[in-house]
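Each chain carries a letter (A, B, C, D, E, F, G and H) given by its place in the written order, and its residues are counted from 1.
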């Protein structure tokens, strides 16, 4: 995934980038201080997430500042999550941003082409879980994955889920998103033989306790291959799914 | 009622009743008119629970005493739940008791013949839930119901559950028993169109938190027709299922 | 309850509906895709709830779309729960909708006549529990049940509850709704010999913890025949009560 | 209640005790150090609880030491709570101790005669609550109160409770002890017009959560006049009830 | 406390009230139905709380209706708790109501003269606890008690509490009100030899968890004579304190 | 499908099929079309978990029976988790079982050779976490993975963790196992660019609350690529890690 | 003390003091001997907190009143925490107040010069924790300490924290502020050899549960030298850190 | 640093270093520059904790091995906490170990002389808290501090605490240890002007919930200068207190 640095090194290797220029780029990377928050560009080397900005709690000015820093470092595609529509409007004045309303995400630049092992299925129990699902789906797409959306297939209507059995069985990773009793993860986990990332949502009322019920339920899944991320953490699930879907790139494969 | 109070007031008026005594009588008035003594007898006829003894925390002597009292009142069949095997041995010396080890239940006398609306299905997620299931099943049988047992059909292996679709769809009531994530109740609730009684069990470890996870999960079931009883309360589920399965007997039908 | 399909089959049986027409209706049923949420009409076969729309979190347009789909499939009576008054106004412009303010429910079409085994009693501990109770009552009525309302009969004033002893004892199902300490379910459970569906409410303050106290209390009921649904889940209780009150229809009885 | 000090002062007043002797007694009182735990005899002046020893976690030697210190200070009656039977045996070798097995309490010396305002009713929901009830009852008796025991009158069988309506209505204080759903306190609170002290117990299983359910339930009682002490705290309830039942002694009345 | 009924009986006893008139009053009492909530006037006989209206969640019209019913029954003094200032304005147009802003209470009619055993001390840990304290104080005053207010004497500044030692020691009942760590109840409980009613408040932040921390802390008080009511339940504490402070009226004393 | 339904309707039409029977057939329709019997076989091939036996709660006889069945089906390698040493002794009499004491696992047959994408690192915060870690490691090995163990590298001594930076950075998957504050997962998640599976353990005391603290902590990890399995669930983590480490085998690669 | 009591006893003896009065005096004895009025003054000198006003829940008038009182007593520097900006405006009209927006603190008068043992480092995991951090930093500065701010150094990017290793190692006290998983305190605690004060914040979502997760995590820190204050309690941490940083002033140093 | 990277780039340029290898080197860069190997040594000098062995969960052999290693490194005094008496016996055969039974601690070698700023007061609410207190006290002594023990001074008997006012006021650090309601920390925090370390204990029953109540209570302390360590963590409190009591040694003082 460390495409930027890898490209730089390839440039050094084939002579198209001078050592001095490469040194300059690498020197600038680690700790570019933007005042309010150190944008950690070196982190890209390690995790490849430099192109994602977590928008929650940031002012439009702060986000613009971070985008500018990234752009100056040559970052082409930038994903901004938890982005309010009004803030998106402001950013759009300076950058070519596509806003995905339901996912509350903005994307600057072109989406990369999907080059993962297979397809990532994003499934939800109900329609209220869709915003979390879209955050997961858009994140995965922004990281170069093909995503199949299967929404509103909660276990209370099993035939709806089972009518998508083919897509589920062909998935390389499944993200199972559900509030309420969170049973979707267990049921899918028992059907497929690929990793299942469970995302509890805060959807529900009463004994749902803001996602606690779904979280506990998913932690207790008796299906093998299931793991859980934080309540409503669509980004985390999409990111991890994308990472697993690119495992073949590890170690020169 | 007016007459009683009038007499009382006359007593106050002529000094034969003290104000304090009159106050006390007036206090008790609302309940005296209820004939609550009558309630007790009525209850015995109605609920049919006189023949069940909750064995937990009772000494063999205490249980024997209750059995003796029941027998003298003409009770033919008696179900004793949460009965330790050693205690069963002691009771067996005096009464013809059949002990069901897994259910930890003893039955004195003949089981009634099944005369309910239909069959009660008792389903469990795993094999560890079977003791709770057997308590439910034996209770329902002792109350005159035919019981179909479908064990170890947890949602992590959906095909196991679906291979019993016929029995589930023909059931008049289903008791869904599961620990861990407790998803069984929701899945069954979505498949059948009869009442589903969910029993969370304390089976599991870690985030199962002694049945809390399953309980919350079941409370949040998005399937209609599902209600929940206490953790490990097999008796309560069996009793309620039997009651529902005899609804046709209500109102002279 | 599967009246629609049953009627269709009866039509086929008596020749008033051609096989081709029946096939067409059945084909359309399972997965009519309305874009945002698959209205699962096939589900009606299994659960008979197709005529209920859960209004929470749906836009007026979405609800209108679902209503339209149902109407085109011949659904006469439609119950919409958790329906905001403003949304009801919008729907009323196109359909003949009766809005029940306290229950926050709308009904399109005629209420079915009550044809259950007996009467369903809906009882509340306080006046603040009435919205949940009305949701339960209207749901049960919409499903063809006669409902008796007994409100504000909390256990702190036992004589109020006991003055309704006759109605309670004649009930075929009781829905006991209470916040705070939730004791109503246990007390009623000990008085009657029919199923009691307990609904904890989020009414209360302090240690009521948004219904958790009532929920735990009701789970622990020592009365037999009591089961519990989610906090504030009036619909679920009304639906289940209606199902139990029609148990005589099971298996051709 | 400050009988010892009052007697001392009366002795000073009538000349039977010299000022020097009185001074010596008072000097010794406040902080008599027994090495492991300061027995706070001065506390008797303030709270009148000096004659109670909380036996839990104390060795027989420690208890004997405290008893000895109390006896040397002229204490006639001593109540030891949470006292293991074996420890009672050891103490009995040196002091005339009566052991109450169910209450797990030992009493040295004569019980005082009952001189309170009225009777204290101790009521329990079930038979398993009796040990806590007996601790409360014995404590109240040891503090000079007449106690009426009404056990196993849980709300699931309301007629049992109502058959004791006379005793409840005549009580000056009621101690309501229950595990499970803890509804007993609310129901009694609604029946009587005297203070009700609620004691949740750890009796129950599953969602009883070691008394938490009963505690929350009792905290939420909608009946006026109800307050709550710690789970299983029979002593605390008995002590407080005794204090209230002697309110007439306040301010020279 | 049952002053109304007692007065009625006294009238009957001394001939100033005819038996017929008394009968008429008593007949009207039990179940006067106001439509939305049965005002339980008979309850006055049992608990003496008929003159208190819990204002939370009631419309001005509802409150006016209840007040009217009470007035027609001869009730002179009426306390309305949890009363919004705007609602108080509306009621004031028809009845002579005094509004106590901090306590959020309204009083119609004259306060009764204080005739209890002694004084009730209402103490708070901080200034933020004062609204709850005022609700307790006004309630106690409305029930005929003299109240001493000692505010902002939290345990973090012990000398402030100790400077009121005289008032505390002379109290017949103490109401200890505190949020945060709730230690006030234990400290006062160790200083005085009268009943202490602890009221946890929802004051605080972070680990105060809306009063849960104070509630648990107070439940665990090691001081004898302490009992606890619900979080923020000033009325309950004031009512119970008033009841205890009138214990001398029990049984003809 | 149309043909089946057409035939059914023809039967209804000509009277050879009763309406009730037709209704039942229509109910089961959505699932019959799935060929779910097929699912079962498929699963055995796919998930590779048929060779794992969860030993907890099974008698030696039960385990022996399962092993026998597997062996007869040609299974060469069998992993038994949560296996008591005594039970291992019994099995060893009939099969060639290697017992790994710390992991509480038994292996029958040869371990497969490691053929995954890369190495799986199993890291623990302390030495008390090692049993869970060994269960994870042995499981991964039994599924054909090379495992690197890095134990006792908790974040309180960061240098210990950092001295293994090479192994961590080369890992294809990391399993981070920790009790107490569970910070290990976040720290490792920030260092590596591969999936991290976090396993909270029940190690710790006091506010560790049997693993709840570590579980919540890990759920909140701000590092991307981290997901969580149940408390002490070493097997689940090892299984999932092995699955991810074989992602290259997906889709014919 | 003996003299006072002797005089009292003489009064009792000669009848000039009633027994009741003597009893009351003896009750208050243990506290009167303390001269607790003295305690208060002493406190002002010692704790140096007289100059801090906790602004939350206070009206501008109340704050102005307190400031006025302090100023009249010669207090030069006053710190007001949890101060709304509008309130600051009002105060600024009368006093020379500097408002620190992020810390929500106002300072009247000159900041004291830093005279502590060393520097206090205030570190945060993320940028959202900064308001709490600034409250801590400003408090420490107002109490005469030099503060080094290291913000946004959460453990998910360890190199950011490690790049400040020098400042951390030179600190005399570190305040570690973090929400989410709260791991910062443990990691810093393992790096430095000075006291670490951990402040959990309510930053985060889902399983962060308003700071509960961070709080539990920090309580479980395996690093020695770490202790915890309440969620979001920046003031408490700053105050304690300042106190520790002036330990050299103890005992005449 | 530039030189290293330049060399690396030159290698890439001339083909002697592969791009993959260069990527890995660049990944590890941020940590390699830290000289973290140095950190370890530094730590030993700094924290002084090398001489403490946490004995819980370690076999006698493991402890002996660690002791041997320390001794060979010249460590003279070694403190072993959570040490079972039998294990102490085994160690005593080889090393001169003093076992402190109540603290469950063993000390090998001479205790250092006390050289701190002042005295550390260890105070407990009850006698049951003493084991935790002794662990704290012995730890502090082993780290060169003078310790004053004030046990059984819980807030329910305030005069006991106040009789130690002198010792408290002279303390340089106070460790306040209490279970139940944990009020001791707040009360002491309000009396003294030095840091107070609060240790909740698991002492208590019922709503004490194994120390949770005391923990929450202490977290909410309104006294400034109070911070909290884990439940029953006597060692942690003793260690931190010792560190604070040696603050004068910081920065060459």
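Assume contacts are C-beta pairs under 8 Å (C-beta built on N, C-alpha and C of every residue); 3 or more make two chains touch, one makes a residue touch a chain.
These numbers were taken from a predicted model, which means no experiment stands behind them.
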item	value
Winner on C-beta contact pairs when D-H is weighed against F-G	F-G
Most distant chain from chain B, judged by the mean position of its C-alpha atoms	G
Chain whose mean Cα position lies farthest from chain H	C
Inter-chain centre distance, chain B versus chain E - centres from mean C-alpha coordinates, in Å	41
Rounded Å distance, chain B centre to chain H centre (Cα mean)	53
Distance from chain D to chain C - Cα centre to Cα centre, in angstrom	50
Shared-contact residues (touching 2 or more other chains) in chain E	2, 30, 42, 46, 157-158, 190-191, 193, 206-208, 212, 215, 219-221, 224, 230-231, 251
Contacting chain pairs - touch in the sense defined above	A-B, A-C, A-F, A-G, A-H, B-C, B-D, B-E, B-F, C-D, C-E, C-F, D-E, D-G, D-H, E-G, E-H, F-G, F-H, G-H
Touch list for chain A against partner chain B, complex	125-126, 154-158, 179-183, 186-187, 189-191, 204, 206-209, 212-214, 216-224
Of chain C, residues touching chain E in the complex	127-128, 151-152, 157, 159-160, 163, 205-209
Touching residues on chain E, where the partner in the complex is chain D	1-2, 46-49, 52, 117-118, 172, 190-195, 197, 215, 219-221, 224-231, 235-237, 239-240, 243-245, 247-248, 250-251, 253
Contact footprint of chain H on chain A as seen in their complex	2, 5-6, 9-10, 12-13, 15, 19, 22-23, 26-27, 30, 42, 45-46, 252
For the chain E and chain C complex, residues of the former touching the latter	30-31, 36-38, 40, 42-43, 57-58, 200, 202, 211-212, 215, 230-233
